[in-house]
Amino acid sequence: MNTQPILEVKGLHKSFADHHVLKGIDFSVKPGERVAIIGGSGSGKSTFLRCLNFMETLSEGEIWVDNERIGVEKNGRITYPEKQLCSVRERLGMVFQQFNLFPHMTVLQNVMEGLITVKGYTKQDAHAVAVRELAKVGLSEKHDAWPGRLSGGQQQRVAIARALSMEPEVLLFDEPTSSLDPELVGEVLRVINQLAEEGRTMLLVTHELGFAYHFATKVIFLADGVFHEVGTPDEVLKNPKKPRTQEFLRRFSEFAF
Amino acid sequence: MDYSWDFGPVLSRFDMLALGLLNTVKIAMVSIVLGIIVGLVLVMMRLSPRKWLAWPAAVFIEFYRNTPPIVHFFWFFYALPVLLAISLNPYVAAVLALSTQSGAFYAEVFRGGIVSIERGQWEGGKALGMTHSALMTRVIVPQAISRMVPPFIERSFELLKTTALASTLAYADLLYQAMLVNSETFRPLEVYTTIALMYLVLLVTASQLARMAETRLTAYQ
Amino acid sequence: MNYVPDFTIVTDNWIVLLRGLWVTIQIWLPSIIMGLCFGFAIAQARLSERKWLSRSTLVYVELFRDTPVLIQLIWFYYAFPILIGMQLSPFAAAMLGLTLNTSAYASEIFRGGIKSIHRGQMEGAKAIGMTHAQAMRRVILPQVIKRMLPALTNRTIEVAKMSSLASVISVHELMYQGRLLSSTYYRPFEILTAVAFIYFILIYPGTFLAGRLEKYLARSN
């Protein structure tokens, strides 16, 4: 088994103006790993995920993809050429809380878009891939629908198909079910679960602790801008060692039944 | 009210009014097209990260939006030629006034459309690995255009009405032709009522056409 | 460009321009105030259950919105007196035209504002025991007025710009004085530029205020 990490983070810091959100994070993902990231609201989970594919510019630190340092050193300063960032983003698929589908394109066009403009596929090839990916998320019926006409759960599944179509090495999910009505959460989690069974490498920010427990190979509790506690789902979610983690989990189970 | 209406003298000179109407439409079309070009240049300057480009564009736009159009017409016809030691005919001066003025408004329309696109759209495209220019042309601008359509139409509608000011420079638009007809017939009530109705028909037709275009361009919403 | 501007012509005649500005204000403020009051009444008629009333006010509103203001002023100055058999001074004609024009536009603002009130607001107020009148005064109206403020401010700005058209029917307002001065001294560049600046100073605070209001309201909602 290949044990080289696909994605590696070294000494990551991120500040917004004088608000220091991430305070030194070291982290790596190996192929087939599924990492769940949990933590309080505003703790920087989204920020961490968004730094990985450079949706946010890093304040400090390094990101390595396939053992290649991202960024070019020039006169002692790191710059990030657009071409390199595009290639990183192509390899790290992202699914957002708000779906971010393109409302002026049909479902099929949404999935074909990246294949055509980024991968340079012909229309026919892109079409074939899009049809396949949409079938996988159970939306073969909706090819020609406008995203605005779909339910939240369906939109999120289109977004997953769109990310999958690019054949990313790692999938990043930022609270993919948080803006869904409760009865629609299941259909999206089932798709994610199916991807887990295929052995895909994934990072998932979530508040669905039950799902995280079954899904993840590793759980990270993010607090105070650092990885406060890291371990297997059993270690972090069932038997947390640190008081902060225990407190966080207790608040979650307050209204459990 | 014992005035007896008589449209006869006016209607017998209807060809003069028709010519005026044609000229009104012509100057409006030319100014809309030039105004779009001016607006595109201004909006690109205005949204540029370079201050020395953005600032003059902002000043230009604000100045135009906050001064009456008639001042622009007279400025281009009387003041600019003195400054440059050239002469401008009424048509050119009026087109300059109309297209710079509408350009300033269009620039704001374009800017409003682009900045109204949610951050998520930029991120959705970026996350797929799209370049800035691909994202702009395939995702942002197509959506921005459909949001720009209603205010763009409104602005063009205003421009169409503002063309009547070209008559003050003696350009032979509908109003100017009406003044000619009036000086021949001494029937101001009939003349000005007729052209008011002609403007009404022109503008209502234009707004119907615009509404049809609008429903087409915003179909997906 | 070897033209040497000489702005002393402006400073020498500032009193003339000031007099013009005063007339501008005299047309502008009364016509906006009367136009708003009249427009409020028209909005009520537009929203009336009686078909003939809402239809005829619709025609009134569209007549003013779908013809150029300049035509309206010219019509009220040259054509309308024949209809009523009575001379109108340029000032009265301008005032009449601008007031009625404003009333048409303002009525649409009021109508939109009143229609935009959410039914839930009235129900919410009644649910805590307010009477209909109390709910109207304390809950609905403050929201409607707040929501309409930017549009009303914009209208005020538009009327200031439109007032310059009164120069065409020789009302001695700012633009008229500017045209007169520039042809008397043949210094159109200096004088028209100065006139443009004076209008800018008059109008810009309103635009600034409207922009601020819009931002503030967007944040408070």
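A few remarks follow.
Chains here go by letter, A, B and C, matching the order in which they are written, and residues are numbered from 1 within each.
FYI, a residue touches a chain if its C-beta (ideal position, glycine included) is under 8 Å from a C-beta of that chain, and two chains touch if they have at least 3 such contacts.
Since the structure is predicted, the reported quantities are computational estimates derived from the model, not experimental observations.
If you draw each protein chain as a dot and join the dots that touch, you get a simple line with two loose ends.
Chain B has its Cα centroid nearest to the centroid of all protein Cα atoms in the structure.
Between the chains B-C lie more C-beta contact pairs than between any other two chains.
Taking each chain's centre as the mean of its CA atoms, A is the chain most distant from chain B. With each centre defined as the average position of its C-alpha atoms, the distance from chain A to chain C rounds to 54 Å.
Taking each chain's centre as the average of its CA atoms, chain B and chain C sit 20 Å apart. A straight line joining the Cα centres of chain A and chain B is 47 Å long.
Put simply, chain B touches chain C in their complex at residues 1-3, 62-63, 65-72, 74-75, 78-80, 82-85, 161-165, 167-168, 175, 182, 188-189, 191-193, 195-196, 199-200, 203-204, 207. Chain contact summary for the complex, chain B toward chain A: residues 120-121, 123-132, 134, 138-139, 142-143, 146, 220-221. Note for the complex: chain A touches chain B at residues 53, 55, 82-83, 86-90, 93-94, 96, 98-104, 113-114, 117-118, 146, 148, 159, 162-163, 166.
On the side of chain C, the complex with chain B involves touching residues 1-3, 5, 62-63, 66-72, 74-75, 78-80, 82-85, 157, 160-165, 167-168, 175, 178-179, 182, 188-189, 192-193, 195-196, 199-200, 203-204, 207.
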